[in-house]
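After this come two complexes, each holding subunit A, first together with subunit B and then together with subunit C.
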Partner chain A sequence: MTAAAPEPKANMGQPVPRYDAVAKVTGRATYGADMPLDNPAYAFLVTSAIAKGRINSFDLDDAKRVRGVIDIVTHENAPKLKESKLFSNGGYAGTTIQPLKSAEIAHDGQIIAVVIAESYEAAREAANRVKVSYSAATPSASFDSPGTTKAAAKGQNAQFKEDPKVGDFAKAFDEAEVKVEASYETPTQHHNPMELFSTSCAWMGDTLVIYEPSQYVYGLKNGVAEQLGIDADKVRVVNPYVGGGFGSRGSMTPRTAIIAGIAKRLNRPIKLVPTRDQGFTIATYRAETRHEIKLGASRDGKLVALRHEGAEMSSRADPYCVGGTKTTTRLYACSNVDSLVSIVRADRNTPGFMRSPPEVPYLFALESAMDELAVKLNMDPVELRRVNDTTNEPIGGKPYTSRSLMACFDEAAKAFGWAQRSVAPRSMSDGDWLIGYGCAATCYPTQMAPSAARVRLQRDGRTRVEIAGHEIGTGAYTVIAQTASERLGVPLEKVSVFMGDSDLPPAPVAGGSNSTASTCSAVMMVCDQIRQRLFKAVMPNESLTDKAKETVGIGQTPANQAARSDRPLDLEKAFDALGVGVVEEYGEWKPEGAPLDSFKAMHSGHARLVGGSAMKDKIAYAFGAEFVEVRVNRFTHEIRCPRLVGAFAAGRIMNPRTARSQLMGGLIWGMSSALLEATEIDQRTARYVNDNLADYLVPVNADVPDVEVILLSEQDDHINPVGAKGLGELANVGTNAAICNAVFHATGQRIRRLPVRLENIEV
Partner chain B sequence: MSDMSSSRSSGFDRRAFMAGAAGSALAPMTARAAAQEARAPVAQDPALPVDVTLRVNGQDKRLSLDARTTVLDALREHLKLTGSKKGCDHGQCGACTVLIGDRRVVSCLTLALAAEGQEITTIEGLATSDRLHPMQQAFIDNDAFQCGYCTPGQIMSAIACVKEGHAGTDADIREYMSGNICRCAAYPNIVAAVKQAAPEIMKG
Partner chain C sequence: MRPFSFQRATDPDMALQALSAAAAANDPLTQATAQPLAGGTTLIDLMKLDVMRPAAILDINPLALSWSAIEPGAETLRLGALAKMSDVAAHDEIQRNYPVIANSLKLAASAQLRNMATLGGNVMQRTRCSYFRDVSYENCNKRNPGSGCAAMDGVNRMHAVLGTSDQCIATYPGDFAQALIALDATVEVTGKSGTRSMPFAELHKAPGNTPEIETTLQPGELISAFLISGRWPRSVYLKARDRQSYEFALSSAAVALDVQDGTIRDARVALGGVATVPWRAREAEAQLKGQKFDDGLAQRAADAAFADARGRRHNSFKIALGKRVVVRALQQAVTMEI
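After this line comes the complex of A and B, so read on.
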C-alpha cells in the first residue's frame, strides 16, 4: 500500500482506488465545457468597469463589425427573466442582483452585455470592442469605507436564527481572574476552482439541457426554470464531473438563465466559458470578517466568560452571512456566553459559501484567543483545551453525539513531537530561522439532508446506482459504489454509479459536507429494500419483522453493524423465486428531525440541511487537532511552513484513501488561507485587484510542506444510518489559528489579521 | 455622479498586430515551426479561416481555423479532444499542458498555426488500448488528484519533468511541477506519483 491508501482501522471502509480514476487520468472524464454541442455559438461576457452607477449608453458599432458576430445582448434587449430569492433565504440564487435587467450597476464586474458569435475568438474580440459610457458614483468598498450600513444579522437572514447566549457574560467577565480581549480580521478570498464558471445551454424543442459545473443540479434546474418561467420538468442539468467547487457552485449564478434565454431566442446551443477574472465577480466569494473576542478564565484555565462578536461584509442587495458564533459559542465548556453577528453592506457582489464558511473565520478568532489565553495563564495550549473540553455544549446543554477532540490533540501532539517544544517565544531557532510550534482545534458540524436513490440489481450481480449527487473531487462515486457493494454483497467492480444529472433521483446540494452521509444513507436504504424483496422471495414463510432487521438491516442501524449479513443471499435462487431478471427499487431517505416538507423541498431543489448545532436534543460535530511548524527568517522575515500534522475523527470513514486526500487538501487550504490567500480590493473603486491566478496566490507544489494526516477510529450511532460525519470541510478550519499561534511562538509577535505576510512581521 | 467613458479594451488593435507583427512578436514559437516560415501573413481579417494541419497523437488533422485559435481551443473546440483543460487561458495554471515534441507547453498560450508540423501529444494519446501510461497508473496508485480537472495537465507536465531529468529528488519534483496548480491540493500525492513512475519512464 502507498501512503495514499492508509490501512483501515476499526469502523473504516477499504481504501479502494477512486471509481472515476481511469476516466480522470485519461482525459475521458467530461466536465461542463467538454460536452459536445451541435453547432454551438460562443458567448463572451462584457462586465462592468465601475462598481456603482448606471450605464448611459453602449456604442456597439465597432463590435458589430467583427466578422462572425451574431448578436450583442444588453439590458436594452435582454430576455426577460423572473427574480429568484437568495439561497440563504429559501431560494436558489447566490445573488439577487440580476444583471441585464436595467442600466443600474450594483458592483464591479457585473455582467452588462453578452456577445454571441460564430467562434470564441470573434466573440472575445467583439466583447473587447464594446464601448460603454457610464455615470459613475463613488462606491463603498469594505468595512472602513464611507457609506456602508451595519445591522444585526438576526432578522435579515433566514439561516441565521439567533445570537447564542447563556448566563451572565458581563458579570462573569468583570469578575474573571484572567482575561483576553482581542480583535481579529480575515480577508476576502475567492474559491478559484480550477474549472471556470462555464455554462452551455441547448434547447431541444421546449426542453432545456444545461451543461454546467454545479454542486446542486436540482437547485440549478429549479432555479433556472423559475427564472425562465417554465416547468422545472423541462430543464435538465448534466454534469457528471465538476472541476472543484469549494462552495462556489452550490447556488445559482445569474449567468445560466441569461445564456439559456439567449439560446432560446437564437434557437442555437450556446457555450459560455467566462474568463478567470470574470469568475471573481460573476460568482460568489468568502467575504472579509472582523471579530472581537473576550475570554475570561479562572487561574486554572477554566473558561468562565466568552463573548464573540462578528461582522461580515455583504452586498447592498443581499443579507448573506455565515454566522460562525453557532460553533464558537458551543465548542468549550463555559457558563457565561454572549455573541452578536452583524452584516455590513457595501457596493460589492454578494458573497457566498466557501469551504467551511462559518468555521474558517470564526474559529480563527476563537482559537487564536485561546492561544493568547494559554500564554497569559502560562499553560500548555493543549492542556487549556483539555481543561475546557466538554461532553455537552454550553448554550442548550445538549450532548455531543461523539467528541474525540482531546484524542485528536493527543495523537497529533505525539506524531508532531509537541513535547519537544521549548515553551518561551523566540526560544527555538535553526541558523537564521526562528522556529515556532503552534496548534489549534478544528471542528465542523455533521449535517445531513433528504436524498433519494434508485438501485437496480441484475441476477449476475451487476448493480446500477442512480442518484443526482455530485463528484466535485470528494470521491462521491467511490463511496457510493462501496456502499452499494457492501450492502448488496456484490463485488465492487460490478457496481456502476450514475450521478450529476437532474433526471436522476434527487440528492442534496454538495455543500455543508453532507453528501456522503446523505447519499450513502439513501443508497443503503434502497439496497435494503432490494434485500427485503429478495429475502421475502427466498424465505416467504419466515417472519420478516425480526429476521429482516437482523440480517437485512432495515432502519437506522449503523452500517458497520449491518453491512455483514450473517445469511448471504443466493442471488440466482432469489431471482428464480421472484421470476424476474432485474430488481429495481427507488426510495427516499430523510434524516432524523428533518422538517415535514423535506421531501417536497428535495424535489424542488431546496436543500433542508439538518444537524450540527440545530438538532433538538443533541449536537453533532466532527473534530480534529492541527499542529504546525513555522520558520521565520530573522532577517528577511520570510515565513515557511515545513510541517503540518492533523488528527481527525469523523465517525465512520468510508474510504481512508479519499478521506485522507480530502483532509490533506484541507490542511493545505488552511496553510494557504493563513499565509497566501487574499483578494485585494481597491478602496477607491471597490474593484478586485488581483483577479487572476498569478496575483491571487494559491499554493503550488513547491509551497507545500510535509503533510501528515492521522485518521482516528470513531463510532457514532446517533447521527445517520451510515454513521459518517462530513470531513471535506474539517481540515481547513483550525490551520489559520495554528499557524498564527506558531508565528507567535517563533517571533513573540501576535498576528491577528490574515494572511500573515512578511511585511507584517516586526522581528 | 461623473461622466466617464470606458471600455475593457485597451485600444490595442489585434488586426494590425496580426497583420504586421506575426513574424516578430510570435518568434518564440514560430522559430520552432520551420514549416510556418514560408507562410506569409496574408489574412487581413483574422476571423477568415486559415488551413492548418496539426499532428496530434500521431495523426494528421486538417483544420480550417481563425488565425487566433490557440492549440488548446483547436484541440477542444475543433478536434473534440477535451482532455486538455482551460483553467485560466493565461498560462498561469497549467491545466492545458500538452507536449509539443518533447517540450511541455501551455497550449492556451500557443497559437495553433505556430504548432503546425510539430508532434503534439495530449492526455488522450498516452494510454494504449489495454495499458495506461506508467504516469497515469502512478497517479491512480497515489491518489494524485481529487476533482481531476488539473490532472491531464499535471500528467503531461510530470512526464516531461521526468524526461528533463528533474525528478531526481522530492525538492526537484516540487519545484519543476510548480507550473501546474492543483486547487484540491493533491501535491504530496503528485510528488509520490512522479517518484513512482520516474524509473519506468526513464527505462523507456
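After this line comes the complex of A and C, so read on.
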C-alpha cells in the first residue's frame, strides 16, 4: 500500500488501480473530438461582443472569401429548432436562451453565427473575418447593477421547494446571549474542464450520432431529439471518456442541436471545437452569491437561533438557483431556524451546476459564521461543532442515517496538529510569514437515482457490464468493475465495463454525487439476478429466500464462501445444468422513495434524484472536517496554503485509491475557490473579462505542497444496497471557510468576500 | 489565426534582409507584416487570439548559433539575445554575481516556457491587458489607435499605476527587463546597416499618445545582445503575485546595491508589475545614495518611487503594495551575505 493506495479499513473495497489508467496515460482513451468521422466539415462559433441588444446586420463578404468556407449560419438561415424547458422545470436544457433564433442578444458571448468550412483553420479564419453591426443596450451585469430584479426562489424554480424554518427565530435571536450577524459573498466561477465543449454530429440516414463530453447521455439524447423534433430512439450519444465535467456537462447546451441541424442540412458530419473563452459563455457557471447570516447562541455555545438568507444571480430567462439553505438549516442542532433564498436576474447567460452547487457558497457563509461565533465565545471551533452536533436534523426532526462529523473533526485535528495551535490571532509566525490555522465542516447530501444495467457472464467467468454511466475522471469504470467482480465472484481482470453510450441501459446524470451509489446498486442487483438463475439451475427445488441467495456461494469471496456457505456453487456445473454458454440479465433498480414515474423518467432522460434532506423519514449526508494552514506575508500580503488536511466519512468506500484522489482534488479545488478562482465581470458591459486560463487562476503544483486525505470507516445500512455515500462533491465544500478562518487566525482580519486576495489584507 | 508564410533564417544577414524587405517604415513594429519568431511564447499566443496578424513568420532560432552565448567577462557581462531564459537563470556566474538577473528569470513563467523563451523575446513580450488581448473589444488604443481604452474604467486590477497616460494603462508584464534597467544594461541592436547600441532604458516607450508604439526598434532590426557593466552580487529580485509560480507580478522590485562600510555608494531600483514599461525608480535611488541604511530610509525611498503613481478603481492597492515590496527588497539586499 502507498499514500495513493491507502490500506482499506473496515467497509472499504480494495484500492485497485484505475480500470482506464493505461488507456489514459498512453493516449488510447478517445474523447469526443478524437472520434474519427468520415469526411467531416469543421464548425467555428462566432459569439456576441455585447451582452444586450440586437444584431442589425452581418457583413459576411470577407469571411466567405476565405478558401474552404462552406456556409455561414446566422439567425437568418439557421435550422429551426424546438424549444426545450429548463432541466429544473422538467426539461433538458441548461438554458432556455436559444441562440440563432432571432437578432436578439441576451448575454455576452452568445452564439450568433456558425462558420462551416473544410478545415478547422479555414473556419477559424473566416469566423475572425465576420463583421457584425449591433444595436447595443445597456446591460445589467450583477447584484449592484441598475435594472436587476429580485424575487424569492420559491415558486419560480420547481426544484426549490421550501425555505426551511422551525420555531421562533426572531424571538430566540432577540433573546440570545451571544450573537453573530454577518454578510458573505462568493464570486462567479467557471468549471474550465480540460476538455473543451466540443460536439461532433454525424447522420446515418435519419439516425444521429453525437460525440460530445456529457455527464448525462440519456438527457442529451432526449433533449436533442426534442429540439430536432425526432424520435429519441434515432439519437445516440457516445462519450466513453469525459475530460472533466464538474457539472458543466450535466444539462444540454444549445450548441448540440444547432450542430446536429446544420449537419443534417449539409448531409455531412460536423465537428465543433469551441475555444476556451467561448466555454465561458456557451455553457454554464457558478453564479455569484450573497448571504446574510444570523446566529444566536447561549454562553456555552449551544445554537438557539439561526437564520440564513441567500441571494443568487441568474439570467433574465431562467430561474436557476442552488438554494443551499436546505443543508445549512439542518447541519447543527438549533430549535429556531429561518431562511430565505432569492434569485436576482441580470443580462447574463444562465448559470448551472458546478461541483457541490449549493454547499460551496452556502457552507462558506455558515462555516465562516460558526468560526466568528467560536471567537466571540472564546471557544475552540472544534468544540463549538461538538456542542451543536446532532443525530436528528432540526427542521423536521428526521434522524441522520449516519453521521461521523465529530469523528472526522477529531481524526483530522489529530493529523493536522490542531492542539499545537496558539489560540490568539497573529500569535504564530515564521520569518516574513504570519501563520494561521483554520478549520470547517463539510457535508454533502447522499443521493441516488434509478439506474438500469445489463450484465453478461460467460462460463469461463468473463463478464461484460453495460450501463450508460459516465467516466468523468472519478473512477466510475473501476468501481463498477469491482462491484461486478465481487458480486459474481469472478476475477477483476475478467470484467469489462462499457459506459458513456446512450444505446446502453440508462443511468442517471453524473451529478449530485449519485453515480457510484446508483450505478453500483443497479449492477449489484443485476449480478444477483444472474446468481439467482444459476442457483435455480443447480438447486431447482430450493426456495429463493434472501438467506439462500447469500449462502449459495457465488458472489462471495473465496474466504467468505467457506465461511458462509456449506454448498459453494461451481460455475461450470451451474452453466452445464442451465445448458447455456452465456447468462445475460438486464435490470432496473430504483432507490427507496423514488417517485412512481421513476423508470419512465429514467428512459426519457429525466433523473429523479432522491436522498439528502428530501427523504420522508430520514436524512442522509456524508460528512468531513477540513483543517488548513495559511501563511500571510507581512510585506507583500501574499496568501499561501502550504497544508490541507481533510478527514471524510462516506459510508462504504468502494475504492480507497479513487476515493482519495477525488477528495484530494476536492481539497485543492476548495483552496482554489477561496484564494484564486473568480470570473471578473466588466460592470459596464456585463462581459467576462478573464475568460482564459492565463487570467482565470487555478493552483499550480507549487501552491499545494502538502495535501492529506483521511478516510474514515463508516457503515450505513439505510441508504442504498451498496452502502455508499457520494463523495465526489464532499471535499471542495467548507475549504473556503477554513481558509478564511485561518486568515483570521493569522492576521486578526475577517474576510467575508471571496476570493481572498492580497489587497484585502491589511496587516 | 490567419494564414501566414513561414521561413527559417539561415544566418543573421538573411534574417535582417528578410525582415527589412517586408518592413514598411510607417507601421508600428508590432503590426509589421513580417514578424521574427524566437521562443514564440508571445507571438503565437497573440496570433491565435487574432491580435497579431503577420503575413510572414521568420524563424530566427537558427541564429542562436551566433547570438546565444552567455559571456561573463571581467568588465562586462554579455548575454546573447537568443539565450534561453532557463540557461541564463541556471548559469553559475549569473547566480553568483547577478542574482537579480537569475531570480528575475527563475521567477518568471513556468519551467516549460523558460526552456523555450529567449532573452530578446522576453523583453519584447507584450502586455497581458485582457482588453488588448480580446479583439472583440473595439476600444483599445494599442490595438486600434484612437479607439479609446476599455481598461481605464473596466476591470483593471492588473494594470499599471506608473508611466500611464490617458490613452493606455496596460502593464509591461516582464520580470527580466526590470533587472536589465536596474543594472543600466546596454542593448545591442542589429539591422541591415549594422549594429548599434543604446541604453536598455531607451528600448521601451511609455504609451503617451501613441500606445501602439511600444519600442524604439526600427523596422528590420533585431536585438542581438544585452551588456551589463560591473558585477552586482548584492542584488535582489522580489516578486509579489497571486500564486506561487507561473504568474505575472502584481508588484516586483529589482534592487542592486553597492554598500561600503554601511554606506550605500550606489543603488539601483526598478519596478515591475506596476508600470507601463520597465521602470527605473531614480527618485528612490537618489534617496538611498550616500546614506546609511535603516528602515526609515527604505520607506522614504519607496515613497519616492511611487510619488507620481496614479491608481484606478481596482489597482490602487498596487501603490501601497509596491512600496512594501521595495522596502522588503532593499532590506533583503542590505542583509544578504556576499
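By definition in this document, the second predicted complex is superposed on the first by the 741 of 763 C-alpha atoms of A that agree within 3 Å, B and C clash if a C-alpha of one lies under 4 Å from a C-alpha of the other, contacts with A are read in each partner's own complex, and residues count from 1 in each chain.
Going forward, a residue touches a chain if its C-beta (ideal position, glycine included) is under 8 Å from a C-beta of that chain, and two chains touch if they have at least 3 such contacts.
All values reported here derive from a predicted model rather than from experimental measurement.
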item	value
Which superposed partner A:Ser183 touches (first subunit B, second subunit C, both, neither)	neither
First (subunit B), second (subunit C), both or neither touched by A:Ala49	both
Broader residue contact with subunit A after superposition on the shared chain, subunit B or subunit C	B
First (subunit B), second (subunit C), both or neither touched by A:Asn77	neither
Contacts of A:Ala702 with subunit B and subunit C, given as first, second, both or neither	both
Partner chain in contact with A:Asn128 - subunit B first, subunit C second, else both or neither	both
Partner chain(s) touched by A:Gly473 [first = subunit B, second = subunit C, both, neither]	first
First (subunit B), second (subunit C), both or neither touched by A:Ala694	both
First, second, both or neither for A:Ala33, with subunit B first and subunit C second	first
Subunit A positions touched by subunit B in one structure and by subunit C in the second	47, 49, 121, 125, 128, 694, 699-703
In the complex with subunit A, residue positions of subunit C that touch it	1-3, 50, 110, 128, 130-131, 134-138, 150, 153-155, 157-158, 238, 240-247, 250-251, 317, 321, 324-325, 327-328
Contact set on subunit A toward subunit C in their complex	47, 49, 121, 124-125, 128, 277, 432, 633, 635-638, 640, 675-676, 680-682, 684-685, 689-691, 694-695, 697, 699-703, 757-759
For the subunit A and subunit B complex, residues of the former touching the latter	2-5, 17-18, 20-31, 33-34, 36, 46-47, 49-50, 53, 56, 66-68, 119-122, 125, 127-137, 192-196, 241-246, 273, 275-276, 471-475, 657-658, 660-662, 664-665, 668-669, 672, 692-694, 698-704, 706-707
Partner subunit A, residues of subunit B touching it in the complex	1-9, 14, 45-48, 66, 68-69, 73, 76-77, 80-90, 92-93, 95, 122-124, 126-127, 132, 136-137, 139-152, 155, 173-175, 177-192, 196
